[in-house]
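Naming follows writing order (A, B and C), and every chain is counted from residue 1.
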Amino acid sequence: MTRLTLNPDRLFPADPATRDVARALYADVATLPIVSPHGHTDPAWFATDAPWENATDLLLAPDHYLYRMLYSQGIALDTLAVPAHGKPSTTDRRAAWRVFAGHQHLFRGTPSRMWLDHVFAEVFGFDVTLSADTADLYFDRIGELLATPAFRPRALFDRFGIELIATTEGAHDTLEHHEAIRRSGWQGKVVTAYRPDAVIDADHEDFRSALARFAELTGEDVGEWRGYLAAHRARRQAFIAMGATSSDHGHPTAATADLSAADTEALFATVMHATPTPAEAELFRAQMLTEMARMSLDDGLVMQIHPGSSRNHNRWLHGAYGRDKGADIPTRTDYVAALKPLLGRFGNEAGLSIILFTLDETAYARELAPLAGHYPCLKLGPAWWFHDSPEGMRRFREMTTETAGFYNTVGFNDDTRAFLSIPARHDMARRIDCGFLARLVAEGRMSDDDAAETAVDLAYNLVRRAYKLDGGTGLADAA
Amino acid sequence: MTRLTLNPDRLFPADPATRDVARALYADVATLPIVSPHGHTDPAWFATDAPWENATDLLLAPDHYLYRMLYSQGIALDTLAVPAHGKPSTTDRRAAWRVFAGHQHLFRGTPSRMWLDHVFAEVFGFDVTLSADTADLYFDRIGELLATPAFRPRALFDRFGIELIATTEGAHDTLEHHEAIRRSGWQGKVVTAYRPDAVIDADHEDFRSALARFAELTGEDVGEWRGYLAAHRARRQAFIAMGATSSDHGHPTAATADLSAADTEALFATVMHATPTPAEAELFRAQMLTEMARMSLDDGLVMQIHPGSSRNHNRWLHGAYGRDKGADIPTRTDYVAALKPLLGRFGNEAGLSIILFTLDETAYARELAPLAGHYPCLKLGPAWWFHDSPEGMRRFREMTTETAGFYNTVGFNDDTRAFLSIPARHDMARRIDCGFLARLVAEGRMSDDDAAETAVDLAYNLVRRAYKLDGGTGLADAA
Amino acid sequence: MTRLTLNPDRLFPADPATRDVARALYADVATLPIVSPHGHTDPAWFATDAPWENATDLLLAPDHYLYRMLYSQGIALDTLAVPAHGKPSTTDRRAAWRVFAGHQHLFRGTPSRMWLDHVFAEVFGFDVTLSADTADLYFDRIGELLATPAFRPRALFDRFGIELIATTEGAHDTLEHHEAIRRSGWQGKVVTAYRPDAVIDADHEDFRSALARFAELTGEDVGEWRGYLAAHRARRQAFIAMGATSSDHGHPTAATADLSAADTEALFATVMHATPTPAEAELFRAQMLTEMARMSLDDGLVMQIHPGSSRNHNRWLHGAYGRDKGADIPTRTDYVAALKPLLGRFGNEAGLSIILFTLDETAYARELAPLAGHYPCLKLGPAWWFHDSPEGMRRFREMTTETAGFYNTVGFNDDTRAFLSIPARHDMARRIDCGFLARLVAEGRMSDDDAAETAVDLAYNLVRRAYKLDGGTGLADAA
């Protein structure tokens, strides 16, 4: 068995002088509250506060970062207790855990390995690494701990120092768990975010059923353009009542459109009542981003645009297991031409705020930093998904800072459903940002004082301001 | 107030052994003369030698690197005294300066911040940083200094150790300031460069008026293909008489064409006398690059191709303020297919020299270094515009050197209208190149002697050879 | 004259603590046998074991990495004794060598310079660098050594510690040299690889003649679809008999197709018996990748896909000198959409193994690592061609590891016809990988033990497993 310890200097640059600066910067941000404005935790956890059952169901079976790597080496998803189409697996959970434990070498050099080690050491208190030899030790001990009150969702929420967490719900969601959280009197701040993809995207497998629920929840005739827009407005208000300050749009591309009212209505009719071509479905998604921007000018929701994933690339796997099974692959993504229609319409409006994400790092220096370094409505979301990693976050800072600065970025998003890894993920981001700032200091490109102030802004203040979370006081320019 | 000092080791790698090498390399290039073969200073400054008036008009209002960042954070261009459509702003200059001074944190980690600190410390002698508290101190002192003879354009030109500077003029420019400089007897070497975009690009807003001036200045019938070509030839000679050794081509893409004579004439007729489609305008620009190459074979002008900017992306801003207001956004740029027609025609001509620039860094290792590492006529211009920055210049060397070497690059271009920042910009480039060479030495990839010789070539010799500035003796292979 | 020594710490990071780790890791892999599963050495060398004649014919005239750089600086290929269309040059070999020797500064910072220094110091024992002054010393001494038994191909093969080397032969090759090697009783393991491009690619200049040989060697009617497939099957078996464990596909793009049987036959008929359009030729290449995958499921050959080179970009040079003269230029390459048809058909088959290469580094983090980190049949080939270099290999690890891990990569390929540089190339790769692992250790991202095991896997075990070379025991997960 190998000892598990977390190196206190992990993720800092190796050069001793630079590391000293990084360590000092990190000391000021390490214990700041966690603000998680975008993610995919299940609000039911916080509504019911029911205990999780075992290591496999909590840590392995829902985490596509983990099982996609194992699958890539020929391990069947059934072996790992991954549910097919949401139906619980019948695989023995301990057996699944053993397979995972026996393949830890696959995760060498990946952020998953660092997140897991953090969870194992900090959350569960293990002092030996996970391996084939310790698989049962881990499975048993995690199971015992999960059964204790200290490992219930709300207890961990408090222990993790989470100031606020946002979940993401579809436009057709009842928000019942969010209501239950509010009714419960628990003080943890769990808010929602408005994700209308399923009622906008005619290519979405749930399009028709989501529209039906959308109509039912709002009482609007969503098959008619004015009713459809009214339904969006109503649901945005319902989400705002459950704490939402943002909407989220996960389209295949960043395309936007600025059609005439007549063309929009005609397109809407085709999408709703005929069989739209792929181009028509794309144009409707594009126009709807502009419509959402228009609504944001009224109700203040911050727009998040997350484009560029080719969803469900593995045809067989999609059929056998369903969506979100680790088979979404990034694609080249254009922003300059794609966003021009929306920006031409609303790009200079003081009241609009759009946060852009990308899976195509080539856009950082070429498109995204120049756009965010000019348009007042644009900000850059952090390194995302496959790029939410030490090298990915470094590249993000190296390729965006010189053109967009730090103050056109919005702090860190964990974007995760792996609740226990949230402290590990925010810690990684803080360490990488402190390391980047330390390099600027060590290379004489920034003063110590400026770096210290910036580190706190990146860890805490910017996210609060960008997501309109009660003001974000403390920023460099707040005085 | 915070002390302003320039770290003597700034921009060198932090590792002590590598830094020692960088420091030694830099010592040999720090005070070499500045050769600035491509930029946008105003020749009227050197022709009239009139004093500049105040900090805002000199440093802020004309510098889109600065006001685009401030605009991105919601500060109106009017507030910053930025002229609309060339009409002087009525904004109080001191008030504008105070706004700029109060937002210095936005520039943390950007090259602008380092250039400004260099200008403030070295050119103006400040020993406190610019901030809201020192805004008036700065504004007053800069105003006083600008009124003294030592801060007139020609005095600074000499103080900066500029051996030669090139400005850029349109094909329809009278070159009167260049003539005035020559008539004045002043010895400063200020030359022009031939930029015919406005008489080639049918999409250019000044196309018709530029053509009219082009005809007037040359006496040619520019509405007829032979007359149009003759006008180019005549103006190239006029530019050469004013010291030009290069032409400059800022097209949206790098497309070139090699049409038959008949097709070219027909296309020309459409562009001049009908309403060309976007594709026809593009094809004409493409063909004209090949025509310019043909003329270069006769008159020896080095061609510079600067493609890949989506100009005037912000529709409202373009209408309200005009061109060049910080709203040009880089786009993906292809070179391999785009340049093939021109290279198929002239790519192996010993007399042709083409310097390629890019705003799309993905082309460095994939396209530009392989092209320049093969075709005798191609050289790579330095990291440009958004990439004229510490990280940008590092990436340029890291991604081009292994395939194209150092000797298919052309030294540094400042490409700036910010005259006072020219020493800062060349100093940054020299430091970054010395740091890159130092890393190669520290990693056992290059000898000290080779690095020392290369550092001088990058700072001084290569630019003189690439731009045909009296021979460029002293190069490694000149012996 | 300048002393030539190889820095024992070359290519390791400069930071002392990181370098110590790298040095320790490297100590364990430095002398591991060389496995070279993909390259372009000439099997005739090993079949005949005839001596090479002189430095120019061995080191300069066949190496397009070298003469493309010299050509880019205006040195004619004739001057360098480069053969035109395979016809031996009449240029004096010593004169050519002197030109090369006098231009060593062009190679500063390139991998060629490091490979050559390794060859000169380690293989030939020089202790002064190559320069104009030492050109004759080098030419004479190399000539003398090549005439000795110790410098015959087989002797060097043994001296280099090559466990196995693969050459690459066309589908229409007789494999006579491979047969001769086997008949000779020599124990060196030289195997072939199946490269059918010339009988698949209708745009290939040898398409018709290659097809004729293909038919002749197999006795099949290759003008008929079933006969054509049977010919492939027969030749794959012949290659397997000569040790092949892989096929290799160098298409312009990564496009694959999954046509119906009827559509495939119709397309085949067009390609063979009519004049296919470029799109039809492309679609046939695409379909043939899927057909090759289908055959791999039967015969077990590992597929290598090497897309993205725009071949023979220099029209004049292609006419004057022929293929492979340093004028192939990388292009943007899509994998996500391109591979979908093949992966939709066979992507989840346990028996299929496809190794992907790229000349477009933007695909590493965006497309290739996500694909290889999911599909069981996909692995990533090493940094290739223009990217087979210190910076290129670093970028490969930095951009692929976090998503695909190390165990979806396949170790190093030298891909070279420069036989004497093979130890230098593998040594460079091992040093860079050890340096990368050392950085992970120094930054607290990997344990020493994990790094040591991974270093051996990257240098030796992974290539044996990926190319199915008798089992590849010793891997982390082999226990």
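We take it that contacts are C-beta pairs under 8 Å (C-beta built on N, C-alpha and C of every residue); 3 or more make two chains touch, one makes a residue touch a chain.
All figures in this text were calculated on a predicted structure; none of them were measured in a lab.
Rounded to the nearest 5, the angle that brings the Cα atoms of subunit B onto subunit C is 120°.
Although subunit A and subunit B share one sequence, what matters here is the overlap of their interface residues, and that overlap falls short of half of the numbers used. If each chain is reduced to the centroid of its CA atoms, subunit A and subunit B end up 40 Å from each other. Those residues of subunit A in touch with two or more other chains are numbered 13, 15, 362. Within the complex formed with subunit C, the residues of subunit A that make contact are 2, 6-7, 9-16, 68-69, 71-74, 102-103, 105-111, 114, 310, 313-317, 326-327, 329-332, 359-362, 386-387, 389-392.
The touching residues of subunit B, counted against subunit C in their complex, run 13, 15, 17-18, 334, 336-337, 340, 343-344, 347-348, 350, 362, 365-367, 369-376, 378, 398-399, 401-408, 439-440, 442-447, 449-450, 453-454, 476-477.
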